[in-house]
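Order of writing sets the labels: A, B, C and D. Residues in every chain begin at 1.
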Amino acid sequence: MTLSSEAPTVWLTPEEMDAARERLPILYVDAIPVRLDPAGELTSVGLLLRVTGAGEIVRSLVSGRVLYGERVRAALLRHIEKDLGPLALPRVPPSPQPFTVAEYFPTPGVTPFHDPRQHAVSLAYVVPVEGDCGPQQDALELNWFSPAEARDLGLQAAMGNGQGTLLQQGLAHLGH
Amino acid sequence: MTLSSEAPTVWLTPEEMDAARERLPILYVDAIPVRLDPAGELTSVGLLLRVTGAGEIVRSLVSGRVLYGERVRAALLRHIEKDLGPLALPRVPPSPQPFTVAEYFPTPGVTPFHDPRQHAVSLAYVVPVEGDCGPQQDALELNWFSPAEARDLGLQAAMGNGQGTLLQQGLAHLGH
Amino acid sequence: MTLSSEAPTVWLTPEEMDAARERLPILYVDAIPVRLDPAGELTSVGLLLRVTGAGEIVRSLVSGRVLYGERVRAALLRHIEKDLGPLALPRVPPSPQPFTVAEYFPTPGVTPFHDPRQHAVSLAYVVPVEGDCGPQQDALELNWFSPAEARDLGLQAAMGNGQGTLLQQGLAHLGH
Amino acid sequence: MTLSSEAPTVWLTPEEMDAARERLPILYVDAIPVRLDPAGELTSVGLLLRVTGAGEIVRSLVSGRVLYGERVRAALLRHIEKDLGPLALPRVPPSPQPFTVAEYFPTPGVTPFHDPRQHAVSLAYVVPVEGDCGPQQDALELNWFSPAEARDLGLQAAMGNGQGTLLQQGLAHLGH
């Protein structure tokens, strides 16, 4: 088994992954894609519009699992490419320190974050993107919001799994 | 299955855990136990002396796995109690933001961190302790080092799995 | 001139300070006093109730200037004692890294922070307090709010100088 | 007096600045210029070679004062342009949180940082640069060092004012 940033996208069969999800916290990354002005100041935040398995339409961040043998920054790049396309030109931050760690529990209310499928622990980063971004396979739309729009409580309520709180935490980290 | 901070210490049989270790990154916490003066300034750093499975004697930080259904801060408390005893009076930091994320790979050289058993991703925190600390079951000694001693390269080389780098990163985070 | 943590409270005459305030950014610290549970989880946030020079009643954080020759952590301790009393038992964080830097400008709207008297740049920290706290000289009250109450927009609007934003940023840093 | 990011470079006469330096902590920024690979991993660190007023040759970071009415990020951009030239294409980080705060005291030994002229408090940031960089007016050279070279103790000892410690702290923040 090779260890490289070109890790295959799947290491486990769906059944094995289901078993693991009932036994271990699963490591995730969450990325908040942002556009910056030349002074590094936030100008807009990108959010995906998706249909959930339950048929609900929700806003979401870029998010996904870290694979066996994969660096955290490789996982960030892989999920950004999967969700925003191959031309997004992400600037993954040089420090491994996330701005927060989001603990998603299968039971709602333990933390602000909730994932009915699993106990996931996610390292959250703000990732500036400088290229062309578009919604990929499983997303309906990608929309850009000003900092003021992104702080809007209605928008935050439209985000699934408590990610509205994570968005708010990212905006706070950026000085908003 | 209940989700609580009193999570049982073992959710998986050793065979199941071995299988998981070959398939998924395993979530860990690392804690650097420290003593502070009344102004919050670092006075000393606690390091354990252990015998590894291979019979080597190494210095180590407080370290261990996060269990299914367990909060990160509960895992920190559990491992500090396991390694420093029940009277350590740890002050787990109020923010979930770790000072760094250490990626331990089974292959040496991918990062400064190495774990021959598994791909572990560890959230690293500095944890002040205010009570009585002593080495527990599997440790030979617990020793306290001044910041200057802790920066010593010989001491850092005596630490296993690249944790000398993690100690140095923690000291840097504290202004040293 | 000695350089020590017992720096005199005033190095400049009021006239000299006024002149400096028109010429240089003035270095401040802001502290959010918090109570934690034994696992380090936020239980409440302390806010002062003050009358401003203009006769307005506002909520405020612990805040004040860093003096010439004074360490940042000494300034935090001095202002916490000044505002919460000598028995507050603050736990100043061991790392010098603030959770954010608040730039208060005399002109409103440049940043979320505003100070009509000066351009102040403030290092903001969350400071757990474990002892008895009470309002001192120039404060009417000290009140403790649950995390949910502290996120309330009405409370935040009642804070002066944009400190509602700073409180929100501190709560976000703590995972709320 | 206008408040803008185009703040004049000098607001005080040299005599007035000297007087202020004896009375108030002066707000600075320190920037560690870095080159990153496409995954955001550090590839090299840029250090200036300068002659000090005392005729010593030292290595230094990009460093300078924050002016009255100037945003911290505008000060970073101004000093990077002054030291690395107008084509450096700096990517000032989107978060105002510095990786550390360096307290430079006129008396050596209070902290690892020392500035014989003043008590300066500096917000330290890692700043990726993507363009052409060259030494400007008062620098002899600009040299790029690999992470391993930058951790070398000899190089760190060649840095003035304790900035070797600050460089080490920046490298630690980046996972080295």
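Worth pointing out:
Here is the rule we go by: a contact is a pair of C-beta atoms (placed from the backbone, for glycine too) under 8 Å apart; a residue touches a chain by one contact, two chains touch by 3 or more.
All values reported here derive from a predicted model rather than from experimental measurement.
Superposing the C-alpha atoms of subunit B onto those of subunit C requires a rotation of 180 degrees, given to the nearest 5.
A count of contacting C-beta pairs for A-C and for A-D identifies A-D as the more extensively joined pair.
Between subunit A and subunit D the centroid-to-centroid distance comes to 33 Å (mean Cα coordinates, whole Å).
Per-chain CA centroids place subunit C at a distance of 27 Å from subunit D. Residues of subunit A in contact with at least two other chains: 71, 95-97, 99-100, 111, 173, 175. Contact residues on subunit C toward subunit D in their complex (touch as defined above): 1, 3, 11-12, 16, 20, 22-27, 66-72, 95-101, 103, 105-107, 110-111, 119, 121, 123. Against subunit A, in their complex, subunit C makes its touches with residues 100, 111-112, 165, 168-169, 171-173, 175-176. Interface residues of subunit A facing subunit D in the complex, by the touch rule stated above, are 5, 34, 36, 39-42, 71, 73-74, 77, 91-97, 99, 126, 128, 173-175.
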